[in-house]
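Quick heads-up: structures coming right below.
Same chain, two partners: subunit A is paired with subunit B first, then with subunit C.
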Partner chain A sequence: MKTIIPKTWLAAGALGLVSSTMTLTTTAHADVAPAALVGPVADYKLYVLDNLEQLVSHTEDFTAAVQAGDVDKAQALYAPTRVYYERIEPIAELFADLDASIDAREDDYEKGVEDPDFTGFHRLEYALFHDNSTQGMETYALGLMDDVNDLDGRVQDLTFPPQTVVGGAAALMEEVAATKVSGEEDRYSRTDLWDFQGNVDGAREIFDLFKPLAAKEDADFVARVQDNFDDVEATLADYRLDADDPNAGFESYDKVSDADRRALTGPVTVLAEDLSTLRGVLGLN
Partner chain B sequence: MTRNAELVPPSPRAMRLGLVMSFLLMLFALGVFILSLEAVRTPNDDGYRVDVTASGCEPNRLEVPAGQRTFTVVNRSDRAIEWEIVDGVMVLAERENIAPGLRQPLTATLKAGDYAMTCGLLSNPHGTLHVVAGESDAETPALSTTAFVGPLAEYRVYTTLQLRKLHRSAAELRDAIAAGDLEAAQQAYRDARRVDLHLAMPIGLFSDLDQRLNAHAADFEQRENDPAFVGFQRLAGGLFEQQSTAGLNGAAEQLVADVDTLTARLKSASIPPAQLADGSARILETWLDHHRDDDAIGQHDLADLVALTEGADKIVSLLSPLLESQSPATLHTLEANLAALQRDLQADADSSASRSAADDADLLQATRALARSLTGINPALTLEG
Partner chain C sequence: MSGLGVALGGFALGSACPARALAATGHGQDVTSAPQQQDSQLRYPFHGLHQQGVVTPRPASGMLVAFDVLARDRDDLETLLKILTERIAFLTQGGRIPERDPLFPPPDSGILGPQIAPDGLTVTLAVGDSLFDDRYGLGDVRPRHLQRMQGFPNDALEAARCHGDLALQICANTLDTGYHALRDIIKNTPGLLMVRWKQEGTVPLLPPAPGDVDGSARNFLGFRDGSANPEGDDAALMDELVWVGKHHDEPAWANGGSYLAARIIRNFVERWDRTPLHEQEMIFGRRKVSGAPLSEDGPEGKEQDVPDYSSDPEGEITPLDAHIRLANPRTPETAGNRILRRPFNYSNGVEANGQLDMGLLFLCFQADLEAGFITVQQRLDGEPLEEYIKPVGGGYFFVLPGAQDDTDFLGRSLLAATA
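Now for the complex of A and B:
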């Protein structure tokens, strides 16, 4: 879910404006043959299906730990499970009902945590990290598992709209700009960097798949985006618990210095703006 | 400024003046804000305005004509919001992170029908967007050049996943034959053959592979004894007619190698959009070609037709969104013919009675009807083969 931005994050509001004017200026004069888009779009769906398979199996373990009342284990599995959802968010959030029940945050509901419709990962996060308990969470765990299985089935049947796939790279970086840099996505678990990396992974996958086509249209654009991705990933890497083991995960977001939060803001914002032009570059507007 | 002056408290008069000034300043700011909202209504802006307040959309029901429409979403709540147009559960278009006080335009192409609008908080009531069929619907716009990217990509995903299955089953088949395990070999054969026929259309693009995988004994000079006769038909002869795995090792190895070749070729091939429909029609016609005479339709023929129909079903599901906009009548006939054939095949699967000549005639007719309506797709989409 990406509904809320902190009031201090004024650039995010501007971001939307920037991307809308950019789409106007880069009209569909690109020379990319539509047939050339088929392969990358197909490969992207295969990437999403692989991640969904992981999401399903990790959610099985995570929800089993919640149901077994194993708070420590459930806490440990929370972030590594969400990563797979964060990577494929451009597709997952096409299903409005499931995106709400799986990934909405308390801010999305009038009554906040008390709202009976507040379910999914962040409801469990609140129980696990705020209350340090799994009490009363069985229903939420079962519901999350059902929703993830439902999502898996729906995505398998979905013909991916090419515009959504290509636009997904920018959408993910806007999501990072709006909710990850501020550290509000995982406010109780402080595992924001996991989600952050998940969004970056997902955006980079899309970019990498379409890079050869985009490079023919605008090589400078491709080089710039690549540099900014590298900058973001370098900063993220400083906070890895084990440089050699990506599965070890990240430090708590509380440990991220203000200087680094600022250092991330720049490239993330530029990436979101640059990537929002990718559709136009590929003639998909 | 001197140190002394800093310590002097402001006079009550100056305080009052300051308060009044700051109040005026606030009014001014408020005025600017309201003016900025009003600006949306200027005649230059043809869009539909939706205000999102803390409790929902204003108006909560909008009616617009079909076609490309622009909406201006104004956030009048005190937190950032998103606004979406939702069709059932699918998000059609959205604007995210609209900061308080800001407005964002959104342009969407809408077909006639009822949609929901999400209005800020998820706990807020959804708005209704009623799209009425306008004059613009009278003339169907031509498909854009990118209209086939989605269906072709989805078909590529389908062939990739089916090929993975074919790899597995072909390897199982080879191993079972090598081990002399007839029952396991028969099962692996059925699994592999089903997938082979799901892929009949793309395999048909490569005549050498198609021949090695799918040719019948009758296609060869020395029929069953021809050394070039390999592939599924050759294996079926051994496994089902002679009930033996003997002498099939070579054909099984060849099958595995051919599946590898197929995978490599399909990776670099791009299937022309017209092939989706025409290719599917052609493979059904090929099946029919083998049943022109009055021979009864056997178990294997039936299983083949089931698998071919499953493959055709996938094609129909890929092209139906395009047909729905370009030629609903074509889609209607196509879906009806597909459903009729599926019903016939299901009835066969459910029935334990042996097939009659009349059953066969029905099945041939239903298959012919589906092949014909598949042939009608490309003209309806103004695609040329």
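Now for the complex of A and C:
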């Protein structure tokens, strides 16, 4: 793959220590008026609702394919459906019960795949990609559909706390750092790059919405974060099946070289470090 | 790198106190003598011809952390080396962690509180063979013996616990101090380093008792480990056996450095504990309780006694394949194969068969990796001890020369040699 990437992202390596000392002489308390956050938070809610609408309709198609016993179709729809969930995870995760029933992995259960509480996308992933079958999956398909509808209803009524929204950018990058680069998220379907892109999309959306406010506080920070997002997306783009069609999706994660996994780890870690300061930059508690 | 000066100025560096460090080495104490005290103010000077952590007396805890370097070019690599230098200088000398606006993540993990005590901390930076590949243009100045560790006949190497572009040996009175240092370094090098594997270990403290002669600490097989180590405070001997110098025919930049061989050696402790004492002692070639070399009937000797193999050519007293006899046959021809060992005992949990995952984080230093560890290990291949041990990981690294003063940084001579 090509790694022609601007090196500005690297500045954060030194920044970690420089900024920790700079606060000795400067009080970096942000000057952002609470009212200024209302617009971006409202825009973010629209983004989440839009993705939820997509999640609901895609889940309808996906679960219908499972119930119809159409393994090929269900396999094809698995990753394109999940991506909407991955984008809005900071909000979806506020509902821990649904997050567990929709998106938990077998590792979360003592009995693993056999555990009766193991449901949702990854239970269906196991059936579709490991067993190559939809046998016995009707209940899980119906359950997933119910859970997604439930999530949709709950988010509609939710007041979005600004600190959760802003903190969500970092939370998404922590997701990537913890489970995407290692390739453990979609271990049977190997569609990890879809989820990876979904998390990055979701983080970037948040960052872009608050960027004008953050730029007033720390323009270098904003420039560096943008560059690192560009780095990650450039590497991901190398693995798109069709450069001109985002819906075509990605290569199997098995195809991602060790060198590229490492190349992704660099900017992902810097993004996680940098975005962990976004709340502070905006003066949010 | 402009940030460095700012950072150094920002932290309150504790005043170096070499006297304290010297006092701790005591009289006649070897590198592997059992640690006797845990003075939190024990501080080793950072600057010098050599890095600390090699001939420094071994404290009660140590770990080896191997990394992949993510730096994309030489400039980034230089930035990394400067950050590492700055962080190691701060952490080993101690000082106060700066306060930060509480809306931001705190500057460090906080696990030692706001005031960092030096606690005998040493952080030793070494580089692996893979750093000299085509990424950074260092290939022409690779240390002569630096190579990728190859498995020996008894090894069962796990890929995830082997090799690395770079390694840090982190030693301190307590593991917590080591973990604090590691987390500080990770937090300050995002995008530059990725942990590849880590193994920590400890050695038991031995409280001083009146009239006691220093003894080596015991390993998890119950034997004293480090007996017959070359004396770390014999500077001439260290220049011959441990530190690379002009006479070693290495690239000039490497002078003052040393080769580190690291091995994660699993011990089958349950099986060992079911082995008769006499057999254990014949396998090692030493008495278990005293550490004395095996001898004919008569009073038992002491750990420091030098075994006399010339009067035992058939191995009737010390078997010819006893561990210590193979490792160091005590002949003029093998004197140049001596290595400086600095191991720690590790315990990682439980294997699927219910047996303890315990063993030795074997670390040794030498001026010539071929003449040192590799030759010694080849002599040991096939030894009876192999039935009870299984090396599963590790790697070979080159300890960079020391940073001489505030204007220097670890690895400067390496980069300058290829500029």
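Quick notes on this one:
Throughout what follows, the second predicted complex is superposed on the first by the 257 of 285 C-alpha atoms of A that agree within 3 Å, B and C clash if a C-alpha of one lies under 4 Å from a C-alpha of the other, contacts with A are read in each partner's own complex, and residues count from 1 in each chain.
In this section, contacts are C-beta pairs under 8 Å (C-beta built on N, C-alpha and C of every residue); 3 or more make two chains touch, one makes a residue touch a chain.
Everything numeric in this text was worked out from a predicted model, so none of it was measured.
Residue contacts after overlaying the shared chain place A:Gly283 against subunit B and subunit C alike. Legend: residue contacts after superposition of the two complexes on their common chain; A:Leu275 is shown touching neither subunit B nor subunit C. In the superposed model, A:Pro267 makes contact with subunit C only, not with subunit B.
With both structures placed on the common chain, the touch criterion links A:Val148 to neither subunit B nor subunit C. By the touch criterion defined above, A:Tyr109 lies against subunit B but remains apart from subunit C after alignment on the C-alpha atoms of chain A. When the two complexes are laid over each other on chain A, subunit A has residues 3, 5, 7, 10, 12-13, 15-17, 20, 283-284 in contact with both subunit B and subunit C.
The part of subunit B that touches subunit A in the complex is made up of residues 79-82, 84, 86, 89-91, 95-100, 102, 104-105, 118, 121-124, 145-146, 148-154, 156-157, 160, 270, 318, 321. Across the interface of their complex, subunit A is touched by residues 1, 3-4, 6-7, 9-11, 68, 70-73, 75-76, 79-80, 83, 86-87, 98-101, 103-105, 107-108, 187-192, 194 of subunit C.
Those residues of subunit A whose C-beta lies close enough to touch subunit B in the complex are 2-5, 7, 10, 12-13, 15-17, 20, 34-35, 37-39, 41-42, 45-46, 49, 93-98, 100, 104, 107-111, 115, 117, 159-162, 174, 178, 283-284. Residues 3, 5, 7, 9-10, 12-18, 20-24, 27-30, 262-263, 265-267, 269-270, 272-273, 276-277, 279-280, 283-285 of subunit A touch subunit C in their complex.
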